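In this document, chain identifiers A, B, C and D correspond to the written order of the chains, with residue numbering beginning at 1 in each.
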Amino acid sequence: MIVVMNHGVKDNQIEAVVSRLQNEGFNIHLSKGVERTIIGAVGDKTRLSCIAIEAMAGVEKVVPILHPYKLASREFKPERTVIRVHGLEIGGDQVQIMAGPCAVESREQLLETAHIVRNAGATILRGGAFKPRTSPYSFHGLEEDGLKILAEAREATGMPIVTEVMDTKSVELVAEYADILQIGARNMQNFFLLREVANTNKPVLLKRGPSATIEEWILAAEYIMAGGNRQVIFCERGIRTFETATRNTLDLSSVPLVKSLTHLPVIVDPSHGTGKWALVTPMSKGAIACGADGLMVEVHPRPAEALSDGPQSLTEENFTKLISEVETIAAALGRPLGRL
Amino acid sequence: MIVVMNHGVKDNQIEAVVSRLQNEGFNIHLSKGVERTIIGAVGDKTRLSCIAIEAMAGVEKVVPILHPYKLASREFKPERTVIRVHGLEIGGDQVQIMAGPCAVESREQLLETAHIVRNAGATILRGGAFKPRTSPYSFHGLEEDGLKILAEAREATGMPIVTEVMDTKSVELVAEYADILQIGARNMQNFFLLREVANTNKPVLLKRGPSATIEEWILAAEYIMAGGNRQVIFCERGIRTFETATRNTLDLSSVPLVKSLTHLPVIVDPSHGTGKWALVTPMSKGAIACGADGLMVEVHPRPAEALSDGPQSLTEENFTKLISEVETIAAALGRPLGRL
Amino acid sequence: MIVVMNHGVKDNQIEAVVSRLQNEGFNIHLSKGVERTIIGAVGDKTRLSCIAIEAMAGVEKVVPILHPYKLASREFKPERTVIRVHGLEIGGDQVQIMAGPCAVESREQLLETAHIVRNAGATILRGGAFKPRTSPYSFHGLEEDGLKILAEAREATGMPIVTEVMDTKSVELVAEYADILQIGARNMQNFFLLREVANTNKPVLLKRGPSATIEEWILAAEYIMAGGNRQVIFCERGIRTFETATRNTLDLSSVPLVKSLTHLPVIVDPSHGTGKWALVTPMSKGAIACGADGLMVEVHPRPAEALSDGPQSLTEENFTKLISEVETIAAALGRPLGRL
Amino acid sequence: MIVVMNHGVKDNQIEAVVSRLQNEGFNIHLSKGVERTIIGAVGDKTRLSCIAIEAMAGVEKVVPILHPYKLASREFKPERTVIRVHGLEIGGDQVQIMAGPCAVESREQLLETAHIVRNAGATILRGGAFKPRTSPYSFHGLEEDGLKILAEAREATGMPIVTEVMDTKSVELVAEYADILQIGARNMQNFFLLREVANTNKPVLLKRGPSATIEEWILAAEYIMAGGNRQVIFCERGIRTFETATRNTLDLSSVPLVKSLTHLPVIVDPSHGTGKWALVTPMSKGAIACGADGLMVEVHPRPAEALSDGPQSLTEENFTKLISEVETIAAALGRPLGRL
């Protein structure tokens, strides 16, 4: 940590900061320049967040030097983490395609979609039983009934299931049915929920919050890891910007960046990332080309009848085409699609 | 709702959309232009969020005409809502100053701060017993012990208490102690939590999410109101933008805008809104001048020792000055500060 | 400047950076920690922007310590700059109201508006002769004819004129007519234009770019000052964010912040800042309350007939009310409105 | 255009809007609902930007239905535009790689770099003779000397040249030397400059402004096309968001989106788009995979000695690797790299 003191700082102010830091166990390097005095502090980075140096008299700003996370970092664990689900590898060579409807709407709809995505080449079934919706008047999911339908589809197709958990009270319930627990974008900083999924032994798919920085996203993973669950999969799904032509701005640069900063897998959700079905296939190809370990794609047999996210859902025909085009890109990179 | 069809749309596509909307109970106005065919649909707006018209063949875009909220809107209830807490009015003529430390750190710290802000003129005591923190390694609050200390401070000063509730599991507990339940910015779209506080009879202070639009913010209030609790207080606390010189960008224009769209009170938190104590007083004055019904301000006897948010906390001296300057502005507008 | 070296950096990489910096005349403080080696460099900050230290082997990141501007900073000139125009003071105690139509549309429209704003209490007349418009098919201004009409209005009312200059080729022409040269938001980083207005002896009103950070805004002023013109007035007019309920997000916190970082005056344009006439008066009051030295407001006798920016223009009645309410706020702060 | 009237609008207000629109030559469809009256107006869209309907009494909002651009749209010209430069095709099957240093620093530096990129497989040489820089104290380019060096490099390598023009006064000069005129991101809405390059017969590479929406970007192209120059190449280079881990957020979804809305070529600049050399190759692959017609990449023989943008410049080794990896992706898509 570097503490930059104000122009015109007084000696006793410098001494107060130095002695405060020394009391907290930091080693100090003092550098007095003509325009600014700078204090370098070296020590346990996880304690830094507890000291309000910036509020001390004479301090202009505090500049952190180290990343504030540890367990998620590549420095802590240089080799890549590969997460295994029903024999599939996430974060290894294989590219996994997770697909299914936004929401489980009925037994028929889910089973039909599960067979469609299975036949097209998807390996993991997605579908929401609990749905976060901006309006209180929208469809909010079938809840436990939806989980049971998902389990039936797993029986029928052999596909493991990823589904969202929205509340600490239902973590145990969802974990009974799901193979991968999804933390939705709006819950990325729901810290009680992060701590609760940390207590399960299920892999966690952690969506990026719509206004989360890369660092905050990794810190959310650190919560789960510090709580004892090391199986975290990042999922880029777009951030909120001024652009309104797309639902979100899909930040594909987060894929190579997070893979360089952490050892964890990164997948991409181009459906929420764009909000427009016509952009889902090109952005899926872009995602794989820049290094994503997989995709999460919304598919619906009849998008116009979907109870949520119809405009970004692919039909069977379009999804089959997506898989074929993505496979070509993955093959060019020497990566196979996962197979059940 | 206006449905704009694609250039070159086919007649059967138009018919499909029309018949779908009619089946859902909408009245239809069809307008065929040279470049575009447009379908106007009039009916129950709360059902619109359930139909994926945008996913139907031939549809270019769907433009909503009405606001998607009802109970919160001024059209539904033109007269302003005034919320009463221990004899104080929020949303009436009085300007209420809520103040206190970011976090309850100890009995001594909280009681000392409570007396400071009470003497300076604040009417409502703030203080976090449960603290959402970006890092798992930061101080997370004293939890129930913190709530007990808050209750003791209420006894000692007569000030009602506003404190954050972060998780559905602790709503009942927090509601036992708090006079106003605070929903933090990161939880603005934690829909289970919104539904849970709707079941209490306590007023809810609803902070704006860092990337929430005005419409989403009002819809979050609509969740609480639709759940049976009509006592919602909006709290603007800054949004996330590209600017890094301040912690957030305090969007004061939301104050007059939300007051024109809804009948609910709006207060402002300039501490989180700027992240810099030196900006808190000027922005407090700006907030009151543009119509805010109150302020929420962080105060700490010794900001440099604060376990969180020290850099944005005011000392006793600065807070006393703030109250005096804010009172001058309020007086110029014909509004008195609230008094216990 | 602080150079943070990578974890695992090699000694020769450290030496290369140190020797490069020493060759450029910097004094070096080297600090080797367990996790990171840090190099502090002290020297002429204006040369830092020319060395690509970040591209050297072994460098993780470079953290600037000092602000990159000099002439605009309060450290360079602690006393406030007051700019005088026709006996009016901008940046002193007085609050100046600049008002007029978005665009000069005709002789009649401008003279009528000039008299309206003069009678209501404005001191400086605004009006665009050259108009930047997003669409090539919109009205682009009367150009030199518009300037002549502005000059006539100055004769008729005694109000000095502020008007936009958009292109280096017309700086000389506009400077013949204008009392204050306006640099529009989209041209804030048109560096050739900044250098050209630096060659005139007219005060420059520098609007903040829609995506400009505070630092970039001050650096744009530094361009003008480094070119020899020290009379720069900052004008906050809103930044582009994800919020669509307002045209821009008016960042009033920039007012006290820029006034603390520089010695130059800061005014606010609530018309562009909100895009909605109903928000102009509340935000004007907020702007003055948080310390602005003046306002720039769009007024049109018949907003619905305006060739640009009608929705954000005030009528005579609304503008008269604005002045009266702003005067009350200013008076509470001990500041008079300017008078011709 | 749809005009939504206020709840409680009066009949004479409706009539005033209708009659105003009819006078402007629009056909009107009136639809009176229980909650809102809606007026549909069909007519010449390019005139809409000139009428301030939103400012008329009783109007709640105006919703445009058609895109505000014409010449750039695919409806106007469904077949794709292919731009030819020295026998190379931009916007056809070929993928073109434009590469070179950020700035022309010296004859030696440019010629060395030109040979490097030529040998690696680039087809078009980039290099700035005029450099927009945030600080007045940075290197601003060699100006005409730089243009002469670029021309010499073209002689030596056979590569056509793309270089930035920053000011109307130098358009003629730059057009004498350049094969493609670049409009920089900060000048995307410098409308005088757009009109000036419209008067040349050189293709224009139009960078996206850091806060420009897709629609504004296309309207900037429309300026050039309406001025008579139909050869516009879009260049996505990242937008400004809250994320600070990258210099900009590269919005790759703009590639398929702009290609669906217009008939013009789209290329991507991953160097400015990320600001980090380590991300340039993955994002180049992503760009081509999602449909870009080419890349613009910064290369420097010794990035650490670059006078600008060193941290995002590739070395010879890295650039050669980029070309090879991009070629693999392009081949998988059935697209060849361009060849001189």
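What we mean here is this: contacts are C-beta pairs under 8 Å (C-beta built on N, C-alpha and C of every residue); 3 or more make two chains touch, one makes a residue touch a chain.
Each chain and its UniProt protein: A, B, C, D = 3-deoxy-7-phosphoheptulonate synthase.
A quick note: this is a predicted structure, and the numbers were derived from the prediction, not measured.
The set of chains in contact with chain C as well as chain D comprises A, B. Contacts with chain B and chain C are shared by A, D. Averaging Cα atoms per chain gives one point for each, and the point farthest from that of chain A is the centre of C. Our note on geometry: chain B versus chain D, Cα centroid distance of 39 Å, whole angstroms.
The mean-CA centres of chain A and chain D are about 31 angstrom from one another, to the nearest whole unit. The mean-CA centres of chain A and chain B are about 26 angstrom from one another, to the nearest whole unit. Counting partners per residue, chain A has 211, 240-242, 244 as the residues that reach two or more other chains. Those residues of chain C that touch chain D in the shared complex are 20, 46-47, 49-50, 52-57, 68-69, 132-140, 166-169, 186-187, 189-193, 209-211, 216, 219, 222-223, 226-227, 240, 277, 303-311, 313.
Per the touch definition, chain B reaches chain C in the complex via residues 211, 213-215, 239, 241-246, 249-253, 255-257, 260, 273-274, 276, 278-279, 282-283, 285-291, 328-329, 331-333.
Listing the residues of chain A that touch chain C in their complex gives 2, 4, 7, 27, 29, 31, 33-36, 38, 40, 42, 45, 63, 65-66, 75, 240-242, 244.
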